[in-house]
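Just below is one structure, and these are the notes that go with it.
First chain written, first letter: the chains are A, B, C and D, and each begins at residue 1.
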């Protein structure tokens, strides 16, 4: 494998921005700064561009079964991800009821291997917390799956009770696994859903009414309490608004190891999308739901301040015409989720960095370095440091484009960010030194991506 | 029935302190202030004494089954209550598993009627929340039982899940019933208990370790969230420390109708009692457990500030020699509860009023007026207003005594406040105009007390 | 003086609401409840009406010099007050630069005596804090002036610095005087005013821009800090919004004796009034200024919760045509203040009680009992207890009226609440047993009112 | 100048820790990672050592006049600093009453040039805020002094009032200067001091009593308010405890650009040192004073969480025998300040990193990268990025030593951290590529250091 020499760009890490080169050999970064070539090299000239570690999306659902259908799959979505600047995802392997964690991990690896354009790691979600299942956590860790997801909602399907959550926290702590929480009170959701349905409130907008912020704030608080009792670290996914965020802040300021993620949709979209004319609102049905726009600025500040540590997409893409229409007469049957992995880096850059809400370094921290650290991928991933995998995103900040489903690579008939104008775009993307995106075009294959085992958690 | 003329005392209400007389006819207050006698009257001279509405203890457990034994019963404990200045209690009728609410109410009325020295109302506790049980709430209200208790702890016995709690809140709201919460996360408690037990940590002190403050704070937050979603008022019993109290404060300052009670034991005792030599700590086992002394001042401030609205005793008296010893080798088997109804008024007066933490009027508010309002006994009970039942506590503030089991009337071989010095004492107590305590001695009978139906809640 | 018998009304005190009579002799309440007449009496039948203690407005400026003009005077404004249900005001005697406190008190007593329809007390405002002036505080207390006002704004006129404020707090504490604070950072205000003026921003709306909420929040925090250091109680007048209110809340919850007042204008009007067409906005120029409407609900909750203890009017009435027009070309010259004393009770009843934000008892507490307690007028004023002055407000809750300057008694060419619809109205008002308002009409004289000495502060 | 090759160390930046080399030419970092030498080089082998950017102490007082004496001077203290791992300080040039800012800057440059072992920048402190002085701020910025200090305490000497502070904020904002605040209410301090002195409370411990935390919290809040009104960024120096820290947190979470520093003495020492026997407490007199130990953990958490951004020493060294004894009979005359620059890096490493309170990267961030960014020294200083000055601290984590005055290089007869055990020590220190400390020994000269102009602030 020839060396690669990225020349003349502006290098951006989680702490620094400086002009310099990157020299890559054997898929690994060997020099950063003023490079002295040690032989032949493929040269990429990057003047005027930002050279960053590839984005790491710690929250995706590729080909995930949901209410009898399946979300868009690895083959299309990982190519879209690559084009968007993402070089690693961490997807959720979901335990089958009656099944085991090992089975879930194997199922997911089988789905992904050979069908992914970028590297991936796995979380495993416990949905059927039999004692022998919780006892599998050490085995999962041995297999490089060091993050365990628990759903406090989706009653009757994936939800587990406080006892199981507590036991999971205890078992995870023993082997350095990190527990990730979908925080909504599932009992309350079902009651609210049924009351709305019975009151003939069945349109998409009632999805949001059935899962108010309080439902999320409560569950967040509860998970934090159980983690404190178990003396275990905790990661709250998809924080949507002020109150749950404040719960995290309070816990952190008491010294507890609690981490939080938010997603582009909670930063940029809001509940008004759910009342679009016709059935259009269904496109924006995800859980937790979109909130009032007034929460957005609070989330940005929380990202800037370090109250939240990462951004993930929760990419879970369904098409509108068939899949979303399953809930035509009953919002409870609309598959939950929306797309975002193709455009999230551009969106965060445009609405975060260009609008002065976060610095360029903080962006890299939020979308690459922190995810890598918290998920156990660091220092192999998530940084431009010497010795790291040469996963590079070379971003050209010039020019602007308008997002539209017509030109997207995500396999869907709509794009959640239709009409958003974004500044700049990923120009080259390297995966372990290989160019997989060249001048904005995917030039790699679905054999490029590999499974990356994660290490056990140690405080980031 | 002759009139009664209480002459020359210092009248204390929740808002005022003034010199004046009280004139009583037919068991009801007819005049307050400068009285013009309208005929013969039994005269009680009260110079130098405080004339207050009798204390109302909204939180008692008389003759309550617990872990195979039964707490001290109506006959002894209501006499002790009367001597201590309490003229009404509201006791918890506990639904039998498989039984109904109406059955619970009847059982409790049968226990009490003819065996109580003072008036009483009832709460009903739902422990087996079958749909038909929740549907009984309107019937309970019709029978004068307008407060519904739900336990979030005591798993496998009285604990109900979030669904049942939510349904209870919805059903209660419809008929103006107020839901009362024992807030501890029962799942977490059982796990912590079992871990301690298995680690050979079986002494009384581990009772407290198995129910840390976080367990209470979490459940408090959860109940508040569900009440908000149900748009129902909520009453949190026995708040023990800063964190759960702060949850109530936050909710109230958002405008939510949440009320909180604390108890003398959380204001005056602390966790150090649980590590007394030998098995002595068992005397102080109650749930939630006693906390670190540093929480006491925060609770007093919360009472003074109106963050908490009432004081109740949670009187649930077991003797040490036999009953508490059931848990000699296993703290989980120690009956939970301690006594307090005989001395609580003196204790609050001494450590609250005399030490400047609350005013005399605020004491009356906390131990009589607010309980009456929140429990639906007002304006019949809880005030010295004209038209109210003539339930009077005439308190002589002179002199001090030391509390000791040797002279108590509570049926127990210990007093939780042994050795506490208190200032003043109840001198006369009138129940609907009848003198039941005269110069500190009980002169009434167990036929004096009556069931008092409560009215549906309306914001106090 | 004949007795007065108020019959058949609904008596409302700060803690109770009950049907009953009031019997008055020699200007003092003798019986409350079922009255047994002891002779002849003037009878007032009050069925369907609320019988409350007369309102006490602890914050008025009658005939106050301001920027070369003088606010509306005792003769008209105290009659308007009486008609509105107010039986006592506490007005601010302002020290003259170079003058003394005793001089200020005498000046104000001379202004008021013989020209007031209702009773009055006085605060004294220190504006020139020479050592000998601060040394006068004990003498002021001896003369029945136990509350000392300090302005942190109005630089160059009434503002004093932190040293003087601290010394005042220390001196006041020694004799039980209570320090009242106008909390705005005067240095910042002047700078902001001048910058706006120089930028040609001279219309009324810029008055508000020159005194943003932050200016008030800061000064509130500072006064609280100094009071804590001096270990002195503190009373913050005219709290206008969330941030300063939160400062009070935090201090109280730490256990500090800090009290707060808000005014009808901050509960019911908002900054949009300042941008009314033409020069109309000048009518609403007061300091601190009106805020965004979103603060109103927070203030109501603070009143309901006890974070704030009283409502006062800050009545300081100027006419629009001449006085307000002094600032036609310069908002800094608009006399600060607006009227309110005629309608405040109706407004609080309508928008507070009828809209469910506060209970009837809490209203009485806020507009009568608490002001009396905090200002040292209690128990002579502020309650319907036996022995108290028979200052009664008999309020007929039936019917509604629309407030308009055309029918008002306040001496102004506008009414700040023009067009507000209010529910019910004061029907009779008694001052020490004398009927001064009969069926809504003033029937008293300007000789009715007397100076009422206030007692030194003791925690309410 | 020959190249320097730092080989085989563990490189630590604010975001990364990785094994690698550093290659330096012409005093500038040219390569980081796997270095390919481009010629001869002086080689430093660093296996097992941390290679970090040199520490930047943004808060020193070298040779500062105070109460008629002068703190330890540049010649000794900068050598001690170098030995301790510090390569740049930013010292405070203090305006003379009646003097100008330019004069202050020149005076300080004259003091430092030729007498400093390490690089330095300057802040300028405004103590006499005449209009023409505030108008000098742009000139100061031109001269590379972009941070302006304002004292809210030291009344009669350096203190300025709110008007001057506000004007300074406005003027600074115009040219991108950052205002730094010594936050204590000087009026309150003087009053408290005098009261203590008059009460014959004159020992060192009363220094702390005269400057309670509330004095600092209040001033912090006030400065934040004025900065908000001026829309200017703000830097609060030497935050000592929870309450002032919370003020910063609240402001930041509202989105305000407020930054905070704490110092080793507030993290590691506490008020108990002030009551050491004899006059020993005087050694620990600094302003703001040491606080109760319970504040320490809150400060560490604030550093970890990003509520506070930097650590500075506030090194201001006086000897005990003569200088501190000036206040033998009057705590007000004890020179304020203590030493720390020689040991601070070791102390933060030992008590921060080794005890798990902050990560190694966060330490580098707090003591080097963030100070560089906030003071306008970045990217020239504060990082190991290519192109940066080769200011390196090579820290050997092995071994431990006990701090003692007997072996220190600071010019004082005591060391504030006497007896503290520290882990590891600076082994080599490079200043712009020159070895100034070799195996723990100073090998440079007082001509090594240079003035470094700072750039105007831009949000870090």
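The working rule: a contact is a pair of C-beta atoms (placed from the backbone, for glycine too) under 8 Å apart; a residue touches a chain by one contact, two chains touch by 3 or more.
All values reported here derive from a predicted model rather than from experimental measurement.
Taking the CA centroid of chain D as reference, the farthest chain centroid is that of B.
With centres defined as mean CA coordinates, chain D is found 50 Å away from chain C.
With centres set at the average Cα position, the gap from chain B to chain C is 39 Å.
Note: centroid distance chain B to chain D, computed from Cα atoms, is 57 Å.
Under the contact definition stated at the top, not a single residue of chain D touches 2 or more other chains. Chain contacts in this assembly form a single closed ring in which each chain touches exactly two others.
Residues 11, 13-20, 29-36, 38, 249, 252-255, 297, 301, 305-307, 356, 359, 361, 365, 369, 379, 383, 385-388, 459-460 of chain C are the ones touching chain B in the complex. Listing the residues of chain C that touch chain D in their complex gives 161-163, 166-167, 185, 187-188, 190-192, 212, 214-215, 217-218, 221-222, 225-226, 228-229.
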